[in-house]
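Provided herewith is a single structure, encoded as structure tokens, for subsequent inquiry.
Which chain is which? They are A, B, C, D and E, in the order written, and residues in each are numbered from 1.
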Amino acid sequence: MKHVSEKDINEEIKWAQINTDILQSLQNPRKAYWVAVAVCIAMLACAVVAEVYQYQNGLGVADLNRPHMWGLYIATFIFWIGMSHSGTLLSAILHIVHADWRKPIYRFAEAMTTFSLMTAGFFPMIHLGRMWNLYWVIPYVTDRGIWPNFRSPLVWDAFAITTYLTSSAVFLFIGMIPDLAICRDNSTGWRKKLYSVLSLGWQGTDRQWRNFRKTYMLMACFLIPLAVSVHSIVSSDFAMSIMPGWHVTSFPPYFVAGALYSGCASIITLFIILRYFFRWEEYMTMAIHEKICKLTFAIAMVWTYLNLVEFGATWYGHDPVAKEVLISKFVGPFAPFFWAMLFFGSVLPFALAFEKSRRNLPWMFVVSLLLNVGMWLERWMIVGPTLSHAYGPESWNFLWPSIVQWAIVFGSFGWFGLLFLIFVKVVPAVSMYEVKEMVFHRRREANPELAAQFHRRITDAQSVTAKPGIEGA
Amino acid sequence: MSNKKYRILGLFSDFEEAFLAITDIKMNKVPGVSVDDVRLMSPIEHPEIEEILGERPAHVPKFTLAGACFGITFGFLFLASAQANFLVQPQGGKPVVPLPSNIVLTYEMLILFGVIFTVISFLILSGLIGGKKERLYSEKVGVDQIGVILELDENTYEPTKALFKQHKVLEIREEVIK
Amino acid sequence: MSVVYSFFSGWVDRSGASISSRLPRYLMMLSGVIALVLLAASPARADVPNAVPPKGEHQGKHVEQPIEFPHDIHANVNKINCMYCHTYARRSKVAGIPPTSKCMGCHMVIATDKPRIKKLTEYWEKREPPRWKKVHDVPDFVHFTHEKHLKRFVFDNQGMEVDKVSEVCAFCHGEVKKMTVAEKVKPLNMGFCARCHEANKGPFDCWKCHK
Amino acid sequence: MSLNNILTNWSRYRKGAEEGGFHEYEHQWGMVVDLNKCIGCNACSVACYAENNLPVVGETRYAKSQFMSWMRIERYWDEPDIEPYQATPSANVDVWIETNPPAAKTDVKPSMPGSYAKGLLEPGGQGFEERVGVYATKGEAQDFGASFLPMMCQQCHAATCEPVCPVAATYHTPDGLNAQVYNRCIGSRYCSNNCPYRLRYFNFWSYYEDAWPEPLHMQLNPDLAVRDKGVMEKCTFCVQRIRVAKDEAKMENRKVRDGEFATACVQTCPTGALVFGDMQDPESKVSKLWRFHQVEQGKTKQNKQNKELRGYRILEGLNTDPSVMYLERVREV
Amino acid sequence: MSGNNVNRRDFLKILGWGGVGVAVAGCDRPTTVTLEEGKEEVVAYLQPEEYVIPGVGVWFASTCQQCPAGCAVHGRVREGRVLKMEGNPDSPINYGKLCQMGQAGLQGHYNPDRLKKPLLRKGGTLTEVSWEEAMTQLDQKVGPASGLNGERFAWFTGTVSGHQSVLLSAHLAAVGSKNHFVHEVINDAVARAVNQDMLGEAAPRYLLDQARVVLSFGADFVGTGASPVYFANTYAKFRTATPRGVLIQVEPKMTLTGGSADLWVAIRPGTEGVLALGIAKHLVSQGVDASGLPESLRTLIAGHDADKVSKITGVPPDRIARIAALLKDRSPSLVLAGASAEGHAHGYQSVAAIMLLNVLLGNVGKTIVPSGASQFPQMEAKAGNTRDLLAFADAADKKALDVVFFHGANPVYTAPAALGLAEKIKSIPFKVAFSCFPDETAMSADLVLPILSAHEDWGTHMGVYQPEQKSISIQQPLMEPLYPDTKGFGDLVLTMLKARKAAGFEGFEDYYAYLKSAFAALPDSVKGDAVSDEDFWGKTLQKGIVKVTTVGGSLSAKAVEINLPEFKEDSARPYHLVPSARLGMWDGRHANLPWLQEAPDQISKVVWTSWVEVHPQTAAKLGVKEGDFIKVASEHGAVEAQVYIYKGVHPDVIAVPMGQGHEEYGRYAKGRGVNPLKVLAPVADAKTGELALYATRVTAAHVGRRELLVKLMGNETQLGRKMVATVKADVFNRTEGGKDVA
């Protein structure tokens, strides 16, 4: 089939149709849904058990050691933070550049942002030796006269993540209000009550729309620099240290690229899932799929490039220690994971470059998952090897994470999945009103003669009024 | 009994007809009814109509600016004073109020307060919080129809309805205010 | 701490290790609650020169001791100096419980018929000291030394006569001279210490008090 | 009032380590380790266990390198900058006696990364399976002894651990020490990651539960806390001894005398290879030694008049500005 | 502080110490919450010493009992608990310094596995009994009433000195026996014998700091020597002298001393003598005057040309030449012989050949000087040896003993399995162990008497190696006994003596009283400026040591005949087993001290277990990597332990450290690692009858199991980081020579 003629969306589609199609995703779930929920809860349970065990016995059970003070927790933390960037990319950046094909898919991407942040937030706590004292990181007035250390990148993290979580959650909510109103109008019982509260009595009056548009644009403008700053700050956890392989200038862009990369990959995953289960072929069309894939591919190449930059800088720079770390990544104990990361991160994306494989959704599903595996490995490869091969030869060591670490990492996916499952059943995962806008404007563009005719009628109407004498008659 | 007042809501299925109706009102087809009284309800936002309706104010950006400024000043002052008052930290030849890290944090505060102010001002200005809602409302607006709301008196009541009908209004809901 | 004091001290002297004085004023306004709490604190007491007694209350509970030792009789009625029995206070970090021999020093002859003294004499004849229960204590990661506090408030303190040392003790131990067995009436937590160090320009290095 | 503080503190302490750092120290405790005298006998290490309530972690935990020896003695085989018995002085003298910049930063033999890979594949090496880089040394015959290196916290003046602690549980005291406040620590372990010497140890477990079975716990030193799980700890230069000495001096209204006290390791060192003292006191043994060896603080690169002097600081080029000076070990060649 | 009336040591009573930091610092507890009232106890002294202040540590002098060196120590006592050991600055032996074993003495005292009650063997098993029962048993078997024939009674002890030694001799005399077996695995008995024959004095003093070159044949003087701390101190002087002294170490396995050597030479075990003669030949050919030597020796030396020597010893000729050159150029020098040279059937010969170098180089009188005897010979240390172990085994074999008292020695652990000592001991009717710990010997005894730990007991000691200023150092309790049912060793022996009505011991209430009167009886020359006996006693307890004067002492170099055997390889058992001793574990007596278990071995850095040191070449040959379990088998048994690849051994040598492999001895030692002593061949030195520790040949085989070898170093190379930098000696001499920096 030729896809060039293919449209992002069929603009002839009726608005009422849109409502019904989207709202059917809120109907009572099928069995498969409950199975999925059960699985997620089971995964989460593993993490909870592991965490309780660790809480009681100390971090020794995680097989952390000297010098491996950081392990999978921090790696996974970065992974989830990274995942969160895709939502911002789609809803904010593409909104500002008026790429309207984002409209059918940005909603769940944004939800993903919020939820992955909610997941990421757990890891710094889990990783703390005394998490019950976590609140000491918050600057609050006390007669003890002590404050957090604002120099520490970890405190920056705390600030950045709080800000990002707040902003993205608010952004998500604001964007949902009109749809929530629709839900309110079409629901009964507890859902009616819920939506009436959530939709804040939205009626779609021009006043509301006017402020809405402005607000939405402003928020988008805030979110873009915020998202960038968040991951640069996370990267500064490493770049600000003096450890070989961490003390790298190119880390901030490298992290941001990686973040967008993993985010897009997971958008593809969810895109395919939603499209399949809710039969939203009408809205999540192949054309849009194509676009995301291309976008992902582009970002993958950026990421690869930054990787090479980092290697080159280290290799040609005169820091033998950093060089050793680099070499240890290639030939050392981490080599298998490192090569896997390079393959998934830089080679596999070429599957997105070719139309044939791009259009094969099951295959794309697998690929997108593997890309995420690659990105997770990337984070581990940032944390691990440097700690293994730092300055003091005495402390060279290797860490294989214990079952506890694995369980908690595993469980975090369950937690994320659970949140997402609840989300798709409670609010429409596709923005109805924006799809309507999309359709509306597309139709205009699609048949110009209609628009011309309409324009003629307006001018007529106004010319009529040009005749004098009617006023006040 | 000319003091009888009505509020009517005309629901148009077709955006263009609604548009023309408003245009007519603007052109004073119905004397005594000003386009400024027209209020719209629509499933999506219609910039074109707003052109016709004329510039109506949206003050959100001002609040955003305020929020951002507050974020910067409060953020930096808070950090700086906390550091200057943290009696243990500043030793060992390091600056008490280190600019680089404070810039980072101030930046975050800027955004945080910018966002918060924006959202709150939006909720208030758009009448979602505290604002009074339209009494006449139809679910149809949520689907695909455009509603035009007008307050009318004896004289303008009929002609307006006529105007609406002329523009193929689907349905007219009305209520009597006093 | 009293805000008024802190604010002034903050104005006149900024080198002094003062917390509340260094709290930003707008913060004070923001956290009006805190300000209120602070203002509620009573003003400085005068009977120890060059000293601002620490503020803070603690609802202590009565502790059963092997012998119900009457501090009031010794310190209040008989006006015995605290450091006569707690003799280590000026020489060591701990004030120390007086050795049994010291008690017997007097009670060989004084009030030998009283039941408490009888009990004491039993201990003495069994040649084993009574096992007192600890009332005032700080966590093990805190280093508190009596000798330096006494040096600051009593011995090196202009115009402070040693007889009135009980006033200084009262800073942290309360009016022991009005109790029989000692009761804990001050919180003795970090805020309590920090406020006092701030008001009296004590050291503010963590490692001065934490070990 | 805080605004005053902001203004007064604005430029205060705004001096980098290059200018000698914080100029308002009460003392500046420093150490000198003479590798010429050190025989690597471990006395210092065990003395540290005895003085500082260090838990004995047992074999399995040691295998995971979760041990807590604040004072450890490292032992190295090769000596990259000396080839015994073949070296002609002219060829090697600059290598032997140049103390700057530290090897970690110099462009030492480009073959070095290669040597890394080689090390991993060394027949004697243990390979990757369990543990990285346990290598047999190059060459066949061992012609000289081993190289012992006592490593305790270097008490850097531009410490990399300090700025990264989120709760300021580690900070610089007016004595010029890196303090670690146990009960403030929340265990983010960032400081340890950022310590190039890897001299910070973390309580991965509640070691006290099994480290001191009755009545071993009666030996615990009451002058410092027993740390619980989740807390970072490290050598403190025996701050409890410093505290006692300072208190005594204060009670007698005098300054602490040189040699009045010493840390546990220094006190017990059978060869007297360790010297401890106050570097602010120009007459103390320590400052005399530093002066003699023309090693100055606040330098990333020592410019000595006499390049042959032995003093050097480990990984100095990282600008950590350690308070511990090492004296090169001496070999007859 | 004054020590008057110290036997009423009220201040040594443990105070309520709940609140003073022993309770774990509640880091978990929110920091703002203080401890709850009335939870902890606080107790005052009944009658305080004026110098004892709660919260302030007081230092008391005593003597370290961890090894025979007898260092004088100070113990820090606070709230009645001894917290820390430090050296006694007044001591001429350790100058206020202490080694790791001395530091760890505390853990022997506080050891959780100490014996708390007397144990009596009833029906094969040891059961707790009261002291009355134990003492009646003792009285029945050994008391005057028992018809014990004195000759069939024996004391088996480690090195003893001071008044304990006096008491023991008195007791033996009272019983009418001469059997006092004094056993130490780590000893220098052969060297003593050679010195006796060659120099006329068994233990002359070695002036390390006077020597410019020290050539040591396996003498680990800073590690497991006669007095580690003393020699470590003089080593420092030796290294900082001008010109800086050169240390050459010749040994099959790198010892701690070898670890600091300028020139380390791996040698095939047993050929040290040959190398010595080779060096001698080189010296003679360089014109060193050998005319003083008898003809036979000169021909012997002449017979050892470099090639032959290097063929036998495996030391390249240029290396031999270099050593000789150093010895010749830098005088005075000092040549020492150590365990690896002594521990062979021809050990005496080798050591003689080595000492011959000293004679040849004229070191006698310069770096080797007479030590003489102290004015109280009866108090001097009875140095232990392994000859007595063999003799004891022999006696036990002949059923020549009815009653044996064990103290301070653990023969069941240290004896090679080939001796079958465990069984032989079983055959002895009545065995009594005076011990703190349930070690192997105690557990095989019939009656175990729990004695006070070194920090609870009284005593006096003289180190085995006495520097110029000889001294008696006093051992006094540092805290009240932890366990009421333990008794002082001195008290027990005194009781038995009193039971025997031994002359001169009646009057004394206890050992303390005896010691006190003994000190009162000392001549005024010793008492110095003390005004009264009380005063002297007080001063002694304060200082901790009493300096005594030296009498006599002279050295006269006299050559002895040397005939070294032919060296042939054993193809069936290609490897030499070296049971290496390490500072820390010593001969295994410290395996129950957790600090020392966790203190890494100084060179391999292995902790908590045994390991097998294998040269890289050998490892390649055997196909083993670090961590592999390897089976080391002699004809008398085998041990399995993990391999540590180690350049510091001769390729023909397999070294297994002593100390681990206990079958008893408490939770920290039991069932941990292996004991190389068990597989030794029961070979004895032909001349002295000392057990030849290094004479065992073994096979080695990979057993296919592999585990992580628990050790400190992750990477043993510096990878170009400047961790340990090295500078040439002449640079050192140029810059610092003769300067007293600081």
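The working rule: a contact is a pair of C-beta atoms (placed from the backbone, for glycine too) under 8 Å apart; a residue touches a chain by one contact, two chains touch by 3 or more.
Computed from a predicted model, the values in this text were never measured in an experiment.
Asks: Just grab the chain with the largest centre-to-centre distance to chain E, centres being mean Cα coordinates.
Replies: B
Asks: By C-alpha centroid distance to the whole-protein centroid, which chain wins?
Replies: Of all chains shown, the one whose C-alpha centre lies nearest the global C-alpha mean is D.
Asks: Could you tell me which chain lies farthest from chain C when each chain's centre is the average position of its Cα atoms?
Replies: For chain C, the chain whose C-alpha mean is farthest off is B.
Asks: If you tally C-beta pairs in contact for every chain pair, which pair wins? Let me know.
Replies: The largest set of C-beta contacts joins the chains D-E.
Asks: In whole angstrom, how far does the Cα centroid of chain A sit from the Cα centroid of chain D?
Replies: For chain A versus chain D, the centre distance works out to 44 Å.
Asks: Taking the mean of the CA coordinates per chain, how far is chain B from chain D in Å?
Replies: Taking the mean C-alpha position of each chain, the two centres sit 64 Å apart.
Asks: Averaging only over C-alpha atoms, locate the centres of chain C and chain D and give their separation in whole Å.
Replies: Averaging C-alpha atoms per chain gives centres 40 Å apart.
Asks: So what's the Cα centroid distance for chain A and chain E, whole Å?
Replies: Chain A and chain E have C-alpha centres separated by 68 Å.
Asks: Indicate the residues of chain E shared as contacts by at least two other chains.
Replies: Within chain E, the residues that touch at least two other chains are 20-21, 24-28, 31-32, 712-721, 723.
Asks: Could you check chain A for residues that touch two or more other chains and list them?
Replies: 130, 144-147, 149, 151, 155, 320-321, 324, 391-397
Asks: Of all residues in chain B, which are in touch with two or more distinct other chains?
Replies: 77-78, 81, 83-89, 94, in rising order.
Asks: How about chain A: which of its residues touch chain E in the complex?
Replies: On the chain A side, the touching residues are 130, 132, 144, 320-321, 324, 391-397.
Asks: Where on chain D does chain A make contact in their complex?
Replies: Interface residues on the chain D side: 61, 64-67, 72, 74, 76, 104-105, 107-108, 112-113, 116-117, 120, 128, 130-133, 151, 160, 163-168, 184-190, 192-194, 196-198, 201-206, 229-232, 315, 318.
Asks: In their complex, what parts of chain C are in touch with chain D?
Replies: 7, 10-11, 14, 21-25, 27, 139-141, 143, 145, 147-148, 151, 205-207, 210-211
Asks: Per the contact definition, I'd like the list of chain A residues that touch chain B in the complex.
Replies: Those in contact with chain B are residues 14-16, 19, 139, 145-147, 149-151, 155-156, 159-160, 162-163, 166-167, 170-171, 174, 177-178, 181-182, 185-186, 200-215, 218-219, 222, 225-226, 229, 233, 433-434, 436-437, 440, 454, 457-458, 461-462, 464-465, 470-473.
Asks: List the residues on chain C that touch chain E in their complex, please.
Replies: It is residues 60-61, 63-64, 88, 91-94, 96-101, 124, 127-141, 183-184, 187-191 of chain C that touch chain E.
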